[in-house]
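Below are structures written as structure tokens.
The same subunit A turns up in both complexes below, where it pairs with subunit B and then with subunit C.
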Partner chain A sequence: MKGLYAYIIRRLILLIPVVLGVMLLTFILMHSIPGNPVAYLGGSGKLPPDAVEKLIKIYGLDQPLFIQFFLYLANVFQGNLGTSISVNPGANITDLILTAFPHTVELTIYSSIIMVLVGIPAGVISAKKRNSLTDNVTRVGALIGVSMPVFWLGIMLQIVFGVAIPIFPLLWAGIHEPAVKATGIYLIDGFLSLDFRTIVDSIMHYALPSIALGALSLSIVTRMVRSSMLEVLGEDYIRTARAKGCSENATIYRHALRNSLLPATTVIGLQIGGLLGGAVLTETVFAIPGVGRLITDAILKYDYPLVMAGVLFIAIIYIIANLVVDVLYAYLDPRIRY
Partner chain B sequence: MKKSVKYSLALVLMLSLAASGIIILSPIKAQAVTTTLKIAQGGDPITLDPYDSWDSASNDVILNIYDQLVMYVPSTLQFRPGLAVGWQILPNTTIIFNIRRNVTFHNGDPMTPYDVWWSLQRVLPLYLRSALFNSSYINNATANPHHWNWSEYDGDRESFVWLLFEPVKDIRMADIGFWGNTTFTGENATAGDGWDEIVVEFSEPFAPGLSLFSYAATSIVNWKVATELGPHGMKFAPVGAGTGPFKFNSWILNYKVVLDKWENYWGQVPHVDRVEFQTILSASSRTLAIKTGMVDLLYPESADWYDLKSDPNIETWQEAGLGTRYISFQCLQNVTGRMFGILSNTTVRKALSYAINYDEIINGELFLNGLATRMTQPVVPAIEWAYNSSIKPEDEGGILPIYNITKANEILDSLGIVDVDGDGIRDIKGWTNSSDDFKLIYGYNIGNAVRERVGTLLKDSFAQIGVDLEIQGDEWSVFLYDKIVNGAYDIWMLGWGPDYIDPDTYFYPLFHSKFIWSTNGAGVNISSVDTMLEQARAETNQTIRAQLYKNVTNILINEYVWAWCYIPDNLYAWRTTVTGFKHSPLDQMDDLEYVEITPSAGAGIPVEVIAIIVGVVVAVAVIGGIAYWRKGAPA
Partner chain C sequence: MTANVLLTIRNLRTHFFTEEGVVQALDGVDLEVYEKEIIGLVGETGSGKSVTALSVMRLIPQPGFIVDGEIIFKGKPLHLLSEEEMRKIRGKEITMIFQDPMNALNPVFTVGNQIAETIQLHNDVTYREAFNQSIELLRRLNIPKPERIVNSYPHELSGGMRQRIQIAIGLACQPALLIADEPTTALDATVEVQVLELIKRLRDEFNTSIMLITHDLGVIAEMCDRVVVMYAGNVVEKADVKTIFKHPLHPYTQALLGAIPYAERKKKSRLTTIPGTVPNLINPPSGCRFHPRCKHAMIVCKTLKPMLLEEEQGHFVSCFLYSKNKEFAEREHGVFEPLPGRIVY
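So, the complex of A and B:
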């Protein structure tokens, strides 16, 4: 276990150069796009040129790039991510991200539930009944799931289940807001305050977006579980288990599944990390004010500090998700030691 | 277990799940005790502090929280008294506003003339503000501790619209005796004890001046609240700052702004209890949202217009807006080395005006798809008093050019511009210093699909009259500030939006010779036009002004300085449950106090049915799963 702690600390230290690199890259990329936030605000000539000049000065956009970068770094290391320039001018960026994040987390929770609860069984059954009709249907389904654009699926779900058969609300907007906002994740807030309306409303409003978003991860997980299951099923110990008279279910679920879940864990962990980073298209289509939409909006409006902060945030989450997966590995497979 | 026992267990499970579903879901149905008007917007507001606002998402919210001195009769462009019960426009460039009495802000404070003065000075240019604040008049008259730190309030930020207020020289409170009292009580004055006139002086005669005080930026705010809240508070949560029909409730960034009805509104008290401006970025989601009744009102996407129009649950409104789109000719004789100077000939411009397919641009699916109106003159029909409705296109019995290739060819032939060398392009030797072929350059800004396609359309029809057209796209800033003003294009397409609601804004910057090389890109240089525009600007009599503008219009039309193209329509769509919506020609959602809303008759499947379906599905899944597990997997 001592090795594990050292490993975690080593990985956390590695965060620093990665984060610096991410910031530098984002900074260079953002500033090499033609246009700037003030020009966006002043777009179509509505701001007098004089006001534009003044704003550029206020935001320090007239300074040389490397000075801007170091000023930004200095601020970030003091915990100051700055204020938004053009998305919500003047709003504190930390606040913006922290308000948006719970919605993304909630979406991720639902999508992960779908991904795990449907993806793993589907993969197992598919592997168990290799080349049967069930297997073929699952495989084609997974292929479709992987290839379908999320925004298209989202709009289709809206049209089918929101308009034609209006079971689910079309958009996130209009969700019942919990009286007590402890976490900002409405499902959890609902359980904490035992507010059933909030719980049901949360499930109903997140149903379509999480299906749209979960479809891709779900398909990836299914394919992953299926292939690793097939590999494991060919192993000697499975033959041994069968030979000693173990029931088929016990063989599959007790012996094979556990071992085949190892690679699936990696995929699931990274998928969750990716989902937490914001599902841009899903959040846009369903009008969820989450992190992904915030950052897209920021990119479209050249909101440099917001983009920087958002990318930084996503990068850190992704790295931590990676780390958690690695640590889980050690737990799941006793042979792995750090 | 016996089969019958199994089945009855399953039945009990299903029923109990369905029942619990109904119990859980039923509170959802039992809502709607208040009436809420939901409006979808494509973006979040930028600020709720009026003086800083210029974008439409912010203005729509601000206009409902705050009032202005001068407001519009709903659905028209006629002024009506707002927070000023009346005004006098004096010939010596002065406007006197009489401030309305007994108006209260949302926090209960009475509105005072000082609030008005404080709110108005905020939009002025910086040098003028500091002069106003430092004037002995204010310092002696009031011992106001807030005066010295006015610049701390918003740093050295000027209002985004200050440029429009440059003609203003002075704004002051006065007691002219409209209400018949003389005691000056400065900032503590309540409307009613005198000093309730606001005098605005302009540095030069400026007839459109009145319309400046109808802007969202000149909304009257509670100066005490504004000073307490500071810039950040005013921007994001202006509680108690306005006098408008709705008071600020909450703003969840990137989600919605919620406004509540203000019961003590001095005007029409709102019918709805609440207004929600929801931010829905995705255009297709906005359309679906209004189709399913999730929102009640929005500015429709032009792509979805006909879909919404055919929906029986949705009402739509389409009307020529305030912006104009025109194809401009470079009329100057010799601009740069490469200019022909041929377009300085009125008859040549006339010929080209006949080679533009206006109908295709307005109705073609690739262009405006019917969501525009033919432009006939510089000013738009919404400004009725200056608009000459007798000017019509030829096919409607008027004089304006329509698409007529034959006529265009005839005119060019009659000028002696013919194809000499037989290459299909007319030759203009003698007209030009650089080329034989009649060749023009059309400019557009990259990213504007309509203007790009208009270029292709023009190239095609110009080819039929023997004119070669080169299409050239440039970035917006290059297009506008570099190419057009330097005469790098022969023709180009451009739009114009009014700065204030007055014909002056449609003429003065565009056709006065003093703006050649800037907003007068066509290079119109007609001295009689200059004179009349200056006269109209200084004249206070509306009839005389209208005549002056009509005279200028006639000259411009006969000179063919522009090809008058189209006016994009304002589009609104609302659910049939909404009544009393006033569609403003200004393309804004003002006057929401008149809107009434009847709750819709719960379209869709009842919650009970959904609960039963969900219950059955879950029960089947659970029972099936258990059965499958017990039976063991088939080999």
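So, the complex of A and C:
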């Protein structure tokens, strides 16, 4: 156990060079694009030329690039991510991200539930009844799932379940505001304030986006679980389990499942990490003000500090998701010790 | 041996229906296992030893099926039992341990958990009781520090220890028959001796019959009461262990014995080899399956299949060189002459 803590700390220290690298790369990329945020604001014709010059001075955009970078780093390490220039001029970036993040988290929660609760059983059943009708249907379904564009599926779901059969709301907006707003995640706040209406609203509003978003991860997980299950079922210890007198179900769910979940854990963890970074297309189709939309908006409007902060945020989340997977691995597989 | 018969296998045929064709892995196997005996199954790779064992366990992998014959265990026809009934016999009355101790245990459970699982599957006890019983069992098997071993994972143990754990799982419910499929092939010579000693002791202590599958004739000589020699899915010779080594009848058994190196061999005598390879069982040789490799092959061997007949008291052989099959062939076939055009060794 002690080794595990040391391992976690070591991994967190490794975060520092990765974060520095990510920031440098993002900075260079952003500044390689012709244009800048003030020019973007000025281009709309709302700003007089002297104001543009003033703003360039205020944001330090006239400084050499490396000085800009080091000034930015200095701010970041003091916990100051700066203010938005062009997306929401003057707004604190930390606040912007913290407002958007709960929506992304909520979407991730629902999509992950679909991914895990449907993906794992589907993969197991598919492997158990290999080459049967069930297996073939699952495999074709998973193939369709990985090949279907998210935005297309989202729009199709809107047309079918929002317009033709209006069961679910078309867009995200309109969830009943709960009394307690501790997390910003409607589902959790709904439970905290025991507001039934908020819970139902949250489920209804997130149903279509999370199905659209979850379809891809679900298919990936199903395929992964199926193939690793088939591999495990050929192992000697499965034969040993049968020779002991285990029933087919005990063999599969007790002896094979845990072993076959090892590779699936990696996939699930990284999928969740990816989802938490924001799902631009889904968020756009369903008008969810999440992290993905915030960052694309920032990129389109040359909002340097917001892009930097957003990318930094995604990188950290992804690394932490990776770390969680590694820790889970040690828990699932006794052969792995840190 | 006047003991009671525990297991009888009659005319067992197990075939694998693969895409390339039907693999006739077992082609009419006849054998019996008596109570409290150690019976050795010996033969080359692909001779059907393991398939015989898996057929008894009814654990033949897809796409294999028992197509004919019967397996009678304590009066029960195993080949007719439902999967549910068979499950109650596996692990309780008949158990099996496998060759590769590296993979035969589940890597994610402690060994105590895996022994206790077997006990719980077949007895109405709590997990705690089953777990304590596993410690007791390991102690009975003279395994040092059983309290520590039960909390280990398989990867923390040596190959020999894992094989002992497999044996413990096999013995957890005091079975009447333990099938050991090459239990020591993957072990070091020194560990091999210890594991074999353990298996031998079990017969006396647990009153278990043991079917020992091996291709090591040294192990057979050391361990077994009786030997069954298999070739390409057939039993070619069956006798008690002394008879097999002193007075082998079947040309295949003789060739097999001629291929063992031993220290007292005279300087000039060379190790013999058996020409050719184990036949393809999708399209096996006609008649006696050994005839293409046999130096005594005759015309009749190519056309007729010899039966496993008792040549001497308790000594069965399936070869036309010996009186009963010979008489049968002369009566039915009328011809009896050497196969022309063969090299005589």
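Points to keep in mind about this one:
Note that the second predicted complex is superposed on the first by the 335 of 338 C-alpha atoms of A that agree within 3 Å, B and C clash if a C-alpha of one lies under 4 Å from a C-alpha of the other, contacts with A are read in each partner's own complex, and residues count from 1 in each chain.
The rule is simple: a residue touches a chain if its C-beta (ideal position, glycine included) is under 8 Å from a C-beta of that chain, and two chains touch if they have at least 3 such contacts.
Remember, it's a predicted structure, so these values are computed and weren't measured experimentally.
Superposition of the two structures on subunit A leaves subunit B and subunit C fitting side by side, clash-free. For subunit A, the partner with contacts to more residues, out of subunit B and subunit C, is B. In the overlay built on the shared chain, the residue A:128 is in contact with subunit B alone; subunit C does not reach it. In the overlay built on the shared chain, the residue A:200 is in contact with subunit B alone; subunit C does not reach it. Of the two partner chains placed by superposition, only subunit C is touched by A:258; subunit B is not.
Of the two partner chains, subunit B and subunit C are each touched by A:247. Legend: residue contacts after superposition of the two complexes on their common chain; A:162 is shown touching subunit B, with no touch to subunit C. Look at A:79: by the touch rule set out above, it reaches neither subunit B nor subunit C. In the superposition on chain A, A:297 makes contact with subunit B only, not with subunit C. Measuring only between alpha carbons, the smallest separation of subunit B from subunit C in this overlay is 10 Å.
Shared contact residues on subunit A (touching subunit B in one structure, subunit C in the other): 247-248.
Of all residues in subunit A, only 34, 41, 45-48, 50-51, 54, 58, 87-91, 96, 99-100, 128, 155, 158-159, 162-163, 165-167, 169-171, 173-174, 176, 196-197, 199-201, 204, 247-249, 252, 284-287, 289, 293-294, 297 touch subunit B in the complex they form.
Per the touch definition, subunit A reaches subunit C in the complex via residues 235-237, 239-248, 250, 255, 258-259, 332-335.
Considering their complex, residues 57, 59, 83, 87-92, 95-96, 98, 100, 103-108, 110, 117-118, 121-122, 153, 155, 166, 169 of subunit C touch subunit A. Partner subunit A is touched in their complex by these residues of subunit B: 24-25, 27-28, 38, 44, 46-47, 54-55, 155-158, 160, 162-163, 231-232, 235-236, 252-256, 278-282, 284-285, 288-289, 291-292, 294-295, 475, 480, 603-605, 610, 629, 632-633, 635.
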